[in-house]
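What follows is a pair of complexes built around subunit A, which joins subunit B in one and subunit C in the other.
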Partner chain A sequence: MASDQQLLDYVLRLADSDLILAQRLGEWVGHGPVLEEDIALTNVGLDLLGQARLWFAYAGEVEGRQVGSSGAGRSEDEFAYMREGGGFRNLLLAEQPNGNYADTTARQFYFDVWHELLLRNLAVSRDRRIAEIAAKALKEVMYHAERSADWVIRLGDGTELSHTRMQSGIDDLWMYTGEMFAADDTDLALAAEGVAADVGALLPAWRDRVAAVLDLATLTMPSAAWMQRGGKQGVHSEHLGHLLAEMQSLQRAHPGAQW
Partner chain B sequence: MSHEWPLWEIFIRSQHGLAHKHVGSLHAPDAEMAVKNARDVYTRRNEGVSIWVVRSADIVASSPGKKEPMFEPASSKVYRHPTFFPMPDEVNHI
Partner chain C sequence: MVSSASSAVADRPGVAAIWRALAAVPDPEIPVISVVDLGIIRGVEWRDEEWVISVTPTYSGCPATEVIAGDIGRALVAAGVARFRIETRLAPAWTTDWIAPDARQRLADYGIAPPGAGTVVSSQIGQTGQTSRIDISALHRYRSEAANVPCPRCNSTRTRQQSRYGSTPCKAQYRCDDCLEPFDYFKPH
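Up next, the complex of A and B:
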């Protein structure tokens, strides 16, 4: 039987990957290669931020009903701004730096394809709140996945320079994709009850979709087997600390500040 | 880089039953991306249910220099407007 703590961890993983990736995309504001892309990528970031808020709100509810709790869990802001790096449960992929536009596109593409498959599963979760949030988020994420695939194809099958950069982005981030499909005790306990998705089972569909897009993009699918992991358990790359320093600085200096 | 991308004119239909209306233009590498960019630039606040994109270069326009021969003859022909008929009071929307 899965515990409330496991459910809380699981919901925070969903929230944190959305939040951290949204923050990364926010770093592109005003720096996009063209105005249209600047707006489009920011839209994706804002979609993810909105989804993170829904997950955080639910995480607060779950925390509030835990045994021994005062009845009120943490707020969205407390989750986002008042936790240390080790408390974050996001995928390592989400926190990787933006790099050039091809790197950002590769990161987004890997994430979006996984995210869509995951949400399709969660939309039929036996946890009603998870199912509702997933169904709402899925509509946005289907667009994200289409858009990032479009860019992988255009950059991969573009000029010699864009092809080289797109291939580097695809290669460099490959080792962060394994974590998306590596289930731990929390995943397994919740999946057994039909609450969480069986992430391992998403891998074949993910590989097929990624392979099809890379093929159209005239890019080579990486084959390295070794994968980084740890983000879901709170073990992060050095990049997360820098990201949090910027994201959290205002709330750390002025706790509870609002505008 | 943006100057290498063609310009596209964007038409949005705001709801079923209304015609597409020109809302502006943007740059995009091809038609498919123009539709996506238009979605992100022009429909973020629920403005539309359908998008058309047309390459700006493909639009044939009347010349501003020929404004007088094109349009001025119409302004003196008031009888082309249906304003000379007494309308019954019950008819409101004409």
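Up next, the complex of A and C:
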């Protein structure tokens, strides 16, 4: 039987991938290639941030009901601002740097296709709260997935330069996609109870969708088999620390500061 | 509905008065429609000696959500409601199909093309046995290029999308090819 600690870890994974990717997208504010895209990227980030808050609020409740806890779990802000890098459970893909616009587009595309499939499964979770948050988030993420696929096609089937850059982004980030489908004990224990999704089972649908879009985009699907792992267990790339330094600096200097 | 509690607070406003007060709270970013028009007030009920106002968010990250909660609180206090709390209700998820029909015209008059009615099927709460489940089987993808969005200024349907996103999470940017004006489109969601 899955423990409350496993449920907490699982919900934090969902929250952290949303939060960290939202922070990355927020870095585009004022730097988008055109105004419309600047606004679009940050709106996607805003959706993800809102979803992260819903997951963090639930994580706090799960933590609060753990045996031996004082009854109150951490707040959304405590989760976001007061944990060290090793405490974060986000996918490695989410923390990868923005790079150029094609790199950001590739990262978003890989994530969105997976995210939509995941949320479809979580919307029928036996955990009522997970199901409610997932069904809410799914509507937003379906729109994200449509947008990022359109941009992969537009840039891939665009100019020689945009094609080259889009292919590079797709190739460079490929090694971070395997982790999305690699289940560990936490995933397996919760999936067995119908609480979490069986992430391994999402892979065929993800590959089909990615392959179909890359085909339309005249891009080549990467075939490398070796994949990076560790984000879900708190082992991150060097990029996360820099991201957190910026995101957390105000709360670290002035703990508990409020707007 | 509230008879069991009515003797406890004889002079508290009734449910109709509360709905009237809520109907006067404008959306902070689109002031021509109220929070009731927007379809985000999902329930008003007397529970445990206080009024419980159930509000559902439009988009998860919409910054207006907290402003709306504050505005609702102030409106209720002004209407003489002493005891209430605002509860967030996530399911079923908000859909633009809940925007009131007459509010769609006010959106158009304000310069925002309203979402088509009935364009998006939301998730439903279904009953299976004793437990309720969220049914997303009817949820379908909204294809923006398939939409025929009339310009709110000149009614031309020769319009095109400039960006999937706009000035708020709920809108996309369009441009009219006849009057050449850019405009916001309230996305079906």
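Definition applied: the second predicted complex is superposed on the first by the 259 of 259 C-alpha atoms of A that agree within 3 Å, B and C clash if a C-alpha of one lies under 4 Å from a C-alpha of the other, contacts with A are read in each partner's own complex, and residues count from 1 in each chain.
Note that in this section a contact is a pair of C-beta atoms (placed from the backbone, for glycine too) under 8 Å apart; a residue touches a chain by one contact, two chains touch by 3 or more.
Since we're looking at a predicted model, the values are computed, not measured.
Once the complexes are laid over each other on subunit A, subunit B and subunit C cannot both fit and instead clash. Of the two partner chains placed by the overlay, subunit B and subunit C both lie in contact with A:R147. In the superposition on chain A, A:E63 makes contact with neither subunit B nor subunit C. In the superposition on chain A, A:D9 makes contact with neither subunit B nor subunit C. Once the two complexes are laid over each other on the shared chain, residue contacts for A:L54 go to subunit C alone; subunit B is not touched. Once the two complexes are overlaid on the shared chain, A:E132 sits against subunit C while remaining clear of subunit B. When subunit A is checked against subunit B and against subunit C, the one touching more of its residues turns out to be C. Once the two complexes are overlaid on the shared chain, A:A40 sits against subunit B and subunit C alike. Superposed model on chain A: among 39-47, 111-119 or 129-137, the stretch of subunit C in collision with subunit B is 111-119, the rest showing no clash. Shared contact residues of subunit A with subunit B and subunit C: 36-37, 39-40, 43, 143, 146-147. In the complex of the two chains, the subunit A residues touching subunit B come out as 33-37, 39-40, 43, 143, 146-147, 150, 154.
The part of subunit A that touches subunit C in the complex is made up of residues 36-37, 39-40, 43-44, 46-51, 53-54, 120, 123-124, 131-133, 135-140, 142-143, 146-147.
By the touch criterion given at the top, residues 1-2, 5, 26-30, 32-33, 36-37, 39-41, 44 of subunit B touch subunit A in their complex. Residue ranges on subunit C touching subunit A, taken from their complex, read 57, 59-63, 90-93, 95, 122-123, 133-134, 136, 139, 141-144, 162-167, 169, 173, 187, 189.
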